[in-house]
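Heads up, there are several structures right after this.
Two complexes come next, and they have one chain in common, chain A, joined by chain B in the first and chain C in the second.
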Partner chain A sequence: MAMLSSTLPARARAPAYGGAIIGLALVAMPVLLLGWLILYPILAAIVETMFPVGADGARGFSLASYRFFFSDDYSLANLRVTLWTTCVCGLLLVLVGLPIALYLRFSRGRFASYVQALAIFPMFVPSIILSYALIRTIGPNGTVDLVLNALGLPKLPTPYLTPWGPVIGLVWDNLPLTVLMLTAGLGQISNASVEAARDVGAGPLRVLVSIILPRMGNSLLVTLSFAVLGIFSAFTLPYVLGPASPEMMGPFMERTFSDNNDPLNALTQAVISFGFCLVFGLFYVRSIARNRESRR
Partner chain B sequence: MARLTIRNICKSFGSGFAVNDVSLDVENGELVCLLGPSGSGKSTLLRMIGGFERPSAGEILIDGRDITHLPPERRPTGMVFQSHALWTHWTVFDNIAFGLKLRRLPRADIREKVEQALAMVGLADYGQRMTTQLSGGQQQRVALARSLVLEPKILLLDEPFASLDQHLRERLRDEVKDIQSRLGITTLFVTHGQDEALALADRIVVMRDGVMEQVAPPDVIYRAPQTEFVAGFIGSMNFLRADVEDGVARHDDLTLPLPIADGPVILGIRPEAMSLTPSERPRAGKVHRLIDFGTHKLIDIDLTDGTRIKCMAGPDARAPRGLRVELGVSAFHAFRDGRQVYQTTSDLEATERSMSHA
Partner chain C sequence: MSAVPNRPSARTAVPPKRTVRQPFDWTGLLFALGLTLVIVVPLLVVGTWAFTEVWRYPSLIPQQFGLRFWSQTLARADVWNALFLSLRLTTVVTVLSAIICLPAAYAFARLSFPGRNLLFLSFLASHAFPKFGLLVAIAGIFLHVGLIATFWGVVLIQLVSTLMLMIWVPVSAFQAVDRRMEEAARDAGAGPLRVFWSITLPQAGPTIFAAMLMTFVNTFYETEGAWLIGAPQIRTMPVLMISFINNQLVVQYGAVLSVMLWVPSLLALIFARRAVGTGAFARGFGA
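For the complex of A and B:
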């Protein structure tokens, strides 16, 4: 012991100040980047749209661009189709993703691994490639049409260039993240608690409704928040697969900015889109905060 | 009250067997402990009875009715899990009432039965608490009440006290035994704790590598182990290698009469069947350590062949480290190829006496 104490002297004091400074330094860079690349553009866009440059070159408070957006039928139709697409996609993602996640969570064996690989695969396909693949599949004279024709069946109306085109593409594109997040949520439900429910007489459906879903509220909320945030601001898939009119907010903003050369209205559309996303973002933040509190 | 019959049950995972050709009858109101080390197949067997694993072969019958292929929700069994498995989004009351609600009982009946179950496990005033507000012991009582409230024909307990501390485990063990005796419910209890099995069971099934080594009452398992594994797994047993020649087993430190065929043999001697006397012989066993347990002392002896054995002595015994001692043996077992081939009559008599009392 004497030898130990001579070679390894006890620590005189904990590095209280040094530790705090290192901690602050570690978070400083991401916080600064967050402020520069996210917070500043948001605030700048809000200020720009509420204090636009007038004809005389001076800035003044005006809500004219917002008034225009909410009185313009075309803008409102675009907002409606965006909200409709977001809601339908969110619903379809849960309806499609939840059974896959349930299967992956409670199944063992090789087949489950193949299903998992298949469910995750769209994550590695760029949106633009997916868009053209879908055109070749469900578009006019695409694979579906060719197969129906070969079977002597009548042609089906194609969803390409209708609001259902982006829905199909966005569900395909967002499915991997949805499945991953739902599977992670299901991972918190132990096998024993499911088995205990079956032991007292609950069938599979009852187990889902009474035991699994009530304990998945948080992860469903987080999953939906993520999906909604991504879908609301989607650009490529609605641009390539969607109708020209009405169009989703992403393509609408791009066209207002580039084709119409109208940055003020494009910014207004962006701020309004941000407002809607913010609601879902707050759901997400609240859910995370609740989770942390319950873990304490 | 029900009779459980297991016939030639097998469960294979890939090329290996978790449970291999196990047959067992559990009588009405009997409490049987499945005891064995990790990987012996005891939990797999219990899970097959509960319906959570599908047997590869064999049959499971309750009161003569084949339930082998029924899903868990249609079996007349109730299981208590090691991890409590309570539903944390509900109160204690809702946890216990869930099974009754599924059976569509009137609300007043549900309330009455849940209150009775809570009173039975000593949690009468805890109905409205969330399960996360309970201690580990209280959670396990709720899990027990949840199973008992449904009045299952067979109660299955899968290492229910494994996550609890020693004192709580002993207390709950006694309570479970009392409740089981009072209700007369046929019970299977999985444990890897021999003290738990010895204290609770009417019969113990010792399992190893998916097969049953021995099925017998606790005292028989302890006093008349059929295999070397059972002898070593239940209680403490000293094993010594010896050679038998002309009806005498010879070891450097021991010579014992052993009326079996000549050849090598493993002698099994319980610490309480050994006695020590001081010795002048230079190659006699040497005291290594003395551990005082209050009620008795355990003395470790190093023998000349390198074996270390344990000897139980009274609370007043003294044995300084390094003291040379001669070994005395009042009862012993002899094993060949893992099977018991001989047992001294004193142990046999004790076992027979206890069996005739039973």
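For the complex of A and C:
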């Protein structure tokens, strides 16, 4: 084999079908893992919740666990607080992330690299350390309380153990990816189009609304989809910073699965989470596919 | 400029905008201050708590600094058990992930085979599901095969979260290797393995190392899978920290652990930022 290949020109060494077999063999392991630990569990969860094992030990079609979820006040309250948190976080992320991304895209100012470094920094802070840091900072008798007290100002109600606790933590945690993805999106807008608009007398707001935002539509939506997927089923931050009741879907699923030892209802909650995130997931996948298509 | 590159008169035609002195970057200052307040201060607070012995309420700074709680934290058996367990778990996951993913990354970057794009996309698509819902679905499977509350159960669930990073980043590393150098080596008579070892690996190596480092750190801090699958028998470091926070034990224990575990995270920050461009990273998530 070695002798044969050394006599052939470089291009002809690996015949196409041989490369295909080697290629498929090399990617087989992770693909199998993906199938076993992502695809199969999702399908199994759907099957198991829609065809539960009945009292007689046989499987039959039944939507009882879904009916229970959507008629149970506590489950609905959890779903509501999850949707509320997701919406508020998404809104805040755009409100905070977009100005930072715009600044990073268009400024040559002396603070640009410092701002970028700080905006990306939370990516390297594990959420468990973040939770701890936020409790000590905005929790009862935390640093914010100390500073307000020292300034002679009245105490603010602490967001710790209220729905605002997870909101603050999740925005902190998701800020880097939001800024990175929005900056990447802004990078596709040419300087020429912005300068052309400025030359005909458009103010900064006008440039933003008429030139930048219309071209940003897709990357804003991808950023939001990605944030929503992460926030909807967040676990650590809501578990540590949020109220015990109502709780977000992440802690709710964990408690149903482990503490209540009730996998059927936990899986039902998981499938319902998939359902609510389906639109965002599909949109996310579609735009990755399209981006790769256009880059080729 | 491109039409008449070298004539002096063209130089004077440079638009006057460039020569105007930049106004002071007030927006930048505002962002810098705001982000410092929001991002840096909470971390500084934890750092301060770690070296505090007494800090009672109305005082702005601790009454007494000291290292007493470092020795107390380090004297706890549960801390050492969790640390060694976490390191063992993380090493196993990172090594397995490298063995499984790196050859696949090479294949995705270099070889052409049927279904290549679809399979590659399917790895990115694994991010299209709400993560904890997915973990619960996996836990449902593990329940049937008896992997709940076992070491290997946690290894598997953490392995899933590493797949994307360990494939995506090395793929771009392999793609960035200069093909002409490889072909030159082959023309000089080097075999495929020799080319891979002497040309491809040294060029792609730093980025791959960065990916492994990021995987190691991410896995070390992975909380959700470890908590759902492992608890209460498998107590990793983050799981231990959650129980410290929940049980309202001595404040400093959590702070000391945070600062102590900060070291690997900071290492990753330095290496990974250098090797993996931020733009490539954002594109990896579909931006």
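Couple of notes before you dig in:
As a convention for this text, the second predicted complex is superposed on the first by the 250 of 296 C-alpha atoms of A that agree within 3 Å, B and C clash if a C-alpha of one lies under 4 Å from a C-alpha of the other, contacts with A are read in each partner's own complex, and residues count from 1 in each chain.
Here is the rule we go by: a residue touches a chain if its C-beta (ideal position, glycine included) is under 8 Å from a C-beta of that chain, and two chains touch if they have at least 3 such contacts.
Since the structure is predicted, the reported quantities are computational estimates derived from the model, not experimental observations.
By the touch criterion stated above, A:91 is placed in contact with neither chain B nor chain C. Contact with neither chain B nor chain C is seen for A:47 once the two complexes are overlaid on the shared chain. Touching more residues of chain A than its counterpart among chain B and chain C is C. In the superposition on chain A, A:153 contacts neither chain B nor chain C.
Of the two partner chains placed by superposition, A:64 touches none, neither chain B nor chain C. In the overlay built on the shared chain, the residue A:291 is in contact with chain C alone; chain B does not reach it.
Residue contacts after overlaying the shared chain place A:282 against chain C, while chain B stays out of touching range. Legend: residue contacts after superposition of the two complexes on their common chain; A:129 is shown touching chain C, with no touch to chain B.
Interface of chain B with chain A (complex): residues 50-52, 71-73, 77-79, 81-89, 98-99, 102-103, 143, 146-147, 150.
Of all the residues in chain C, the ones that touch chain A in their complex are 22, 25, 27-29, 31-32, 35-36, 38-43, 45-46, 49, 57-60, 100-101, 103-104, 106-108, 111-117, 119, 121-134, 136-141, 143, 156-157, 159-160, 163, 167, 183, 186-187, 189, 191-192, 221, 223-224, 227-228, 231, 238, 241-242, 245-246, 251, 254-255, 258, 261-262, 265-266, 268-269, 278-279, 281-283, 285-287.
Against chain B, the residues of chain A that register as touching in their complex are 190, 192-193, 195-203, 206, 210-211, 214-215. Residues of chain A that touch chain C in their complex: 2, 6, 10, 13, 16, 19-24, 26-27, 29-31, 33-34, 37-38, 40-42, 44-45, 48, 99-100, 103, 107-112, 114-115, 118-122, 124-137, 141-143, 146-147, 149-150, 172, 177, 180-185, 187, 219, 222-223, 226, 229-230, 232-236, 239-240, 249-250, 253-254, 257-258, 263, 266-267, 269-271, 273-274, 277, 280-282, 284-285, 287-289, 291-292.
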